[in-house]
Amino acid sequence: MDRDRLKKIMEDVRDGLLPCEEACRIFQDLQTEDLGFAAIDHHRAVRLGFPEVIFGQGKTAQQIVGIATSLMSRQDVVLITRVDEEKAAAILKEIPELDYNSLAGTLLFTRGEMRNRGKGEILVVAAGSSDLSVAEEAKVTAVSMGNSVGTLYDVGVAGIHRLLTNNRRLRDAAVVIAVAGMEGALPSVIGGLVDRPVIAVPTSVGYGAAFGGITALLAMLNSCAPGIVVVNIDNGFGAAYAATLMNRIAE
Amino acid sequence: MDRDRLKKIMEDVRDGLLPCEEACRIFQDLQTEDLGFAAIDHHRAVRLGFPEVIFGQGKTAQQIVGIATSLMSRQDVVLITRVDEEKAAAILKEIPELDYNSLAGTLLFTRGEMRNRGKGEILVVAAGSSDLSVAEEAKVTAVSMGNSVGTLYDVGVAGIHRLLTNNRRLRDAAVVIAVAGMEGALPSVIGGLVDRPVIAVPTSVGYGAAFGGITALLAMLNSCAPGIVVVNIDNGFGAAYAATLMNRIAE
Amino acid sequence: MDRDRLKKIMEDVRDGLLPCEEACRIFQDLQTEDLGFAAIDHHRAVRLGFPEVIFGQGKTAQQIVGIATSLMSRQDVVLITRVDEEKAAAILKEIPELDYNSLAGTLLFTRGEMRNRGKGEILVVAAGSSDLSVAEEAKVTAVSMGNSVGTLYDVGVAGIHRLLTNNRRLRDAAVVIAVAGMEGALPSVIGGLVDRPVIAVPTSVGYGAAFGGITALLAMLNSCAPGIVVVNIDNGFGAAYAATLMNRIAE
Amino acid sequence: MDRDRLKKIMEDVRDGLLPCEEACRIFQDLQTEDLGFAAIDHHRAVRLGFPEVIFGQGKTAQQIVGIATSLMSRQDVVLITRVDEEKAAAILKEIPELDYNSLAGTLLFTRGEMRNRGKGEILVVAAGSSDLSVAEEAKVTAVSMGNSVGTLYDVGVAGIHRLLTNNRRLRDAAVVIAVAGMEGALPSVIGGLVDRPVIAVPTSVGYGAAFGGITALLAMLNSCAPGIVVVNIDNGFGAAYAATLMNRIAE
Amino acid sequence: MDRDRLKKIMEDVRDGLLPCEEACRIFQDLQTEDLGFAAIDHHRAVRLGFPEVIFGQGKTAQQIVGIATSLMSRQDVVLITRVDEEKAAAILKEIPELDYNSLAGTLLFTRGEMRNRGKGEILVVAAGSSDLSVAEEAKVTAVSMGNSVGTLYDVGVAGIHRLLTNNRRLRDAAVVIAVAGMEGALPSVIGGLVDRPVIAVPTSVGYGAAFGGITALLAMLNSCAPGIVVVNIDNGFGAAYAATLMNRIAE
Amino acid sequence: MDRDRLKKIMEDVRDGLLPCEEACRIFQDLQTEDLGFAAIDHHRAVRLGFPEVIFGQGKTAQQIVGIATSLMSRQDVVLITRVDEEKAAAILKEIPELDYNSLAGTLLFTRGEMRNRGKGEILVVAAGSSDLSVAEEAKVTAVSMGNSVGTLYDVGVAGIHRLLTNNRRLRDAAVVIAVAGMEGALPSVIGGLVDRPVIAVPTSVGYGAAFGGITALLAMLNSCAPGIVVVNIDNGFGAAYAATLMNRIAE
Amino acid sequence: MDRDRLKKIMEDVRDGLLPCEEACRIFQDLQTEDLGFAAIDHHRAVRLGFPEVIFGQGKTAQQIVGIATSLMSRQDVVLITRVDEEKAAAILKEIPELDYNSLAGTLLFTRGEMRNRGKGEILVVAAGSSDLSVAEEAKVTAVSMGNSVGTLYDVGVAGIHRLLTNNRRLRDAAVVIAVAGMEGALPSVIGGLVDRPVIAVPTSVGYGAAFGGITALLAMLNSCAPGIVVVNIDNGFGAAYAATLMNRIAE
Amino acid sequence: MDRDRLKKIMEDVRDGLLPCEEACRIFQDLQTEDLGFAAIDHHRAVRLGFPEVIFGQGKTAQQIVGIATSLMSRQDVVLITRVDEEKAAAILKEIPELDYNSLAGTLLFTRGEMRNRGKGEILVVAAGSSDLSVAEEAKVTAVSMGNSVGTLYDVGVAGIHRLLTNNRRLRDAAVVIAVAGMEGALPSVIGGLVDRPVIAVPTSVGYGAAFGGITALLAMLNSCAPGIVVVNIDNGFGAAYAATLMNRIAE
């Protein structure tokens, strides 16, 4: 039911052309779709002022350029994820104002100053150097969504002192994103040190019985530290998205 | 938004107390929930005139008696599934008019004549004697939903002639439900013989690498006969439900 | 037993050269194979007037050209599935009258008008843009088998209003094919909205714990909406084949 | 290094018996353990003022009575989880002041008024009636940790309107805990409706290819709604714990 | 087509009532089922003179007594498998002439002398004492099917000399059935020692990562000794059945 | 202990230089290895007069040429498996007398007439055209080991009549090798038709839930036809090896 | 070849009745088994002076009493594992001199003083209180095999300080056995702290995605601390056995 | 707390500027991180005098050259693993003093004589020729860590005599590393022959149901020879690392 039809009904009621009871029946008979869902027809992302995000994997450079150009004309922040170096080079030739993070595989467009809308710092912690790709994806995403973001890398549990010497930074974070592959133990140790939500991100780093991240995923789901929450393997983007939601509660 | 409030708005518009534009805005601001979803707030089951179904597993005899009694007061057909013999005995003591099928584990209540609303026969085919429990659940369910139902049992593929000698019955069915455990090959052979939809139901019959029906399930999903569709392990009820929907297309 | 031998026996009986009892014994001793299976030696596909289908994957362009040319000489409809762009270009150079759908990866040959032999519309619904390849395979297949086919794309459950606003189209379909990857929730929601068979097709879209479509497959098998039936991962062809069978019941 | 030894070193330095440089070396050589970890030797739970929790499964009624009695003497809130009816009866005979929730399987002791320390409401949403056990465990846990808690039950996605008509309650929550078994689609739909963190809890409800909750778990990890976070199967306790941490960010 | 109808056709042909050509057409139009499948309507088991076998698991003692009594009236050998001690006692009270092997869980009835119909000895080899139940099922089955059977137990590969000191017995066998749980290595070693077929039977013996026999099953399928063939977990019966078929080739 | 030392001991005993008792002790103290294992140090393959086999996968053309040349100098039959077309071309340039089967991926060298050493025909049966690669590997292997070999292809269970019309050929075989991918149902049907050993070979043909042959493997292990034995996925070689052993029992 | 036959040959050689060459041939023709394997026919356990071990699970109290009594007559140490309380009570009534450890489920018999044959202490470390059963099995086993054994319990990684404050004990051990369920992270942290072999033992503690210990097993196999070795789930016995072997290297 | 601050406190105490009690409080309040973890901030590898190791996989030749050059300036031994031939060639052009083992995929730099720091020989045993890559990685690693290393290759269990004839070498080893793919049975047989620790390394050799090494891994975890310990699939490096730790116990 579009605006015009709705207005017509009201005018008919007002003008006595349509009895009230019949008007009521019309509304009660309405199919869900007829209302146009005024209230819910906006993406959560749009409602939150989040950037438009393009999942770059599986798209050609040319396709990405097309979508990005269009989005940049009406958005202040545009994020493109999962873009390898070769594809990035091709895109940057056309849209040089994008900022490429080769570790994260992200291209980021920002117009003007980013507004920090979160309550505290989101701290991205990574176990090994091979987990950095996922950690950086989380970092760039969190930044693009208006958070203050810190990082703490190369603090795997086999060298526990490196993690412990950063105890204070961990505690000062509002939300911790803990990225780890292999045995995925990092979130458990962090969970015992901090009083904040810990989002665990398993990575596909490892070989043999690492099963492309399944081992880390299962370990994180079974953490002996209560309150750890988990996202999909290599899902740095999703972790940052969730961290942003948490960082804005009661905003 | 309940009926009264809706009527009040209309009357206010009619009486000039509420300008049309403002009335329009009220409707456009409406949350989905405010309409009471006149159109979609009925279960598919209710819309189709299907019986109310009670999933008996995990409920006590006393709980089932309570729910069944209530449903029987306003429904002509009530179906209770997954009821073992002991529980059935306890229920029958209180509601003797239920019809118990011990193989299927079902209790069925019907008031008056069942109306056959399908276009043809639903034929339930089972591979081995251990598959009969699931097959009978499918049969009773299909009957309770107003179909003409036939059965063809003990026609496993290792004795292929028993299946072939019933070639004609298979071909005359409107929909075939093929129930099999172990290697789950029955639907593939049937699929090559008939021109009708074949719904494959894997059963948890078997041991060792049968993995409680997973082997049969996977085999059915990979049938070399195109057009086989599959439901969950032991889900005789679901197969009959789907068969009924198929049997009523363009009813 | 070929025609000649059969005729000879009959003539011998007629001429009194072969006693009746002995002739009876000959027939009773017949091996299954001796009859040539006059009745069942035709594919279901042929019986139904379905097109010949070439599974393109794993075949060279040259092999496909050979088979297709042969089939086109005696069939009015020939469908080739799983053909990537490069292979398609090579084939089209030789058989330009084929119609290539690059999203579906299909090549379709039709001679004359397609006859619509189904009772209603088969509606292909897809959750995300990455599911379109499978959805289009289903669409082209259903068209090639003589159905009226509609599509409803990009209606994933995380933006539920897009699905709901198409409530009416869903309800008007004879059969719904619901294509989804990731968590595979689409068929469950559709199952609650329509009174028609819903064929769920899991796709291999996703990463990490999507496991190449296994997650979507399992979700669909466990749908809380009764009566959902499922086909193999990415099996758009099989879904359309099954939908066609359903759409012709009691034809 | 205990207090006395530490004091002795300081006194020796003061008294000139121990040169500064040597005292420095002593400290630098200290093993981690020598400090007694003044700062980190408290559980996160204790730091947060959370109740002591007893995991009742695998413990006898008598063991639980012993631990609970001890904890109740020094804590204002004691929570016991995973206690079946029979065990609960035995415990209640000894400690009648415990409050038993048979659906949740929890026993809760509270002394005085619970202080609400969260910023908003934690809303526990459950798909089916069989998911209530896990949902109630989450509810009781969240209450015991000082949150305002609401519930919204029986809103499975196959009857989507029941969920949509509660759209407003979902949006008003600070954190949503979405509990579902079978295909686990509930969190995806909720994720599209609200701007708050959604914690998905898969339950072991279902049969066949539900695999004791694995299907729901995988579906939730692959949600097409970004930002969904997941906990272990049936882990209502962990979800509530995480929700509480989120609900107190920047407290 | 039953005997009478067949005879009538022949007589009509003989009597000139039915032209030969028309009789031919009748036969060519025959559906598969019309012939009654004179040739293939006998079980392989019956053709081979194998005993009737009752799978005891899931049947009550009374059901088994009923079936066994009936079979014993027309068969010289009847084998009942998977019967635990309690059930066996109940059955033996009614049919004392059955021979119970408590390790194998089998009840065997034989009338008269068993005829040895195989070419050589079937040797059943078992790795550990916990594999004996499956090994004995294989032994009893092979005996009941008319083979000469030997056994070689407790020859696991961790004590390789026990196997090697029986090298000659292994070599003299016609077929070897190798039963093993845990890592399932026995068939590989035997395969290197003998020139005869080796049938590997994985058992569900073990714990943890033995996964109820899956580990042994996989190991056997991947044997580095070529020519090992495998049956289902715990399937002593199937191994003996296959061994018997091998032992009678060109009988 | 080499020949010389052994001879020396004997001579010393003969010459009275070594007392008998001491000689006995020497032998009893012998480590296993000291005997050189005169009896068992020959491969089963060598003992059986089987060809030397080169597993071509993972070897370069040049490596294969080297090994093959060496083997051909002392063996009458040399078999090379898993050789793709490109590699085969390179090898054939150097050793033109090899016979390449491109479907099987095999190169075979034979000098003089093959001697048929089996008792009957090994019949290789394949379900679909994509299974032919594995079936041909089995065929070539069986031929190279001195068997009479037949083939029966394209007899998948969805077109059951094609299998049944070859009923007699199946029955006349000494051993049947049944090759099938997808749902792997072929061996079950064959098992019900013949009285000979059936070796089931799952192939990696299929997609989605075919899981690279796992589905077919599991189906075959759970065959409802007793006595089916199974080899690893795509293991045509192993099936032929086992069939040859069976075909020579009591040779 | 028994002693007598061997002696006879030697005497014949000595007496000139058997030519040397012929005697040589006899030995060269000897089958492996003929030598009686003087050297290798002793179990590793026996060679090492380890106790006889009875795996109690699956044996009746009476069977255990029989075996234990027999072993105690000729061994100074007898260990019985996997004995629950009820069974232990029955056994202790007959053999009161056994020492029962209810946590470990072990019964231990020792005659005289245990001799410590290892080079250092085996330290058994356990993460949670539910892992104690497996840890104690390891402890009792290690003690029974003549090691000095220490324990360090309740040092899970979520409360990392408890582990760190025992840093010195960890470093002083010769071998560490690290027992953990759930996410199995304990061995990784220990591996970073000590310079000794760490044997990781996954336990079946946990629920949901703990999968009966599989998660912990996988995590341990993927430890980021190099040099961690792993045994089967719940295999405290095996870990202690391996630790003992390590503790005696170059003994 | 850095050295300067620590010194300042001591001087203040000495000078009477800081009362002892207050100084004590400062230390007791110290966060873990403030101490800089003098004692544990060295890698285990460094403590043990192990070489620096570069995991070559996933790094470019140029990256490796950079890291290696830096490490070689301060270490006497540098090991680079997982380097394929092409990458090795590029690296060797820049650092010709590296020693490349193409089978192992390792590059090794050593300055001066390697010091043998272990107590005995580490013996690397491999089942098949395809396992050599992993075995050689273990060998080179063990050599680089200062062990005496021996090898025993091509001793798979299907030709058991080859293993047995090397019985003595096996027994003389201090630690055995047993490398095997396919069914992974080698460690079990070795475990029965030697009194030393056996580290089992599964390899990804095999096809079909070998599942990239999972079958061998599971088999090794379930070895019937007690005391076998296991590392990750293809983890030759980790096995050698663990063997080195064992070989130095009580060094």
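Each chain gets a letter, A, B, C, D, E, F, G and H, in the order it is written, and its residues are counted from 1.
Please note the rule applied: a contact is a pair of C-beta atoms (placed from the backbone, for glycine too) under 8 Å apart; a residue touches a chain by one contact, two chains touch by 3 or more.
This one's a predicted model, so the numbers in the text were calculated from it and none came from an experiment.
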item	value
Steps in the shortest chain-to-chain touch route ending at chain E and beginning at chain D	2
Over-half contact-pair match to B-C, picked out of the listed pairs A-H, D-G or G-H	G-H
Which of G-H and F-H has more C-beta pairs touching across its chains	G-H
Chain separated most widely from chain C, comparing mean CA positions	G
Angle of the C-alpha superposing rotation, chain D to chain G, to the nearest 5 degrees	90
Between chain A and chain G, centroid-to-centroid distance (C-alpha), Å	50
Approximate Å spacing (C-alpha centroids) for the pair chain F, chain G	40
Residues of chain E touching at least two other chains	31-32, 36-37, 39-40, 43, 159-161, 164, 167, 191-193, 208-210, 214, 217, 221-222, 225, 232
Interchain pairs in contact, sorted by label	A-B, A-C, A-D, A-G, A-H, B-C, B-D, B-E, B-F, C-D, C-E, C-F, D-G, D-H, E-F, E-G, E-H, F-G, F-H, G-H
Complex contact set, residues of chain C against chain F	31-33, 36-37, 40-41, 43, 57-58, 202, 204, 212-214, 217, 232-235
Residues of chain H touching chain G in the complex	32, 39-40, 43-45, 47-48, 119-120, 161, 164, 167, 174-175, 191-197, 199, 217, 221-222, 225-232, 237-238, 241-242, 244-247, 249-250
Of all residues in chain C, those that touch chain A in their complex	130, 159-161, 164-168, 207-210
Touching residues on chain F, where the partner in the complex is chain G	3, 6-7, 10-11, 13-14, 16, 20-21, 23-24, 27-32, 35-40
Contact set on chain F toward chain B in their complex	127-128, 156-160, 164, 182-185, 188-189, 191-193, 206, 208-211, 214-216, 218-226
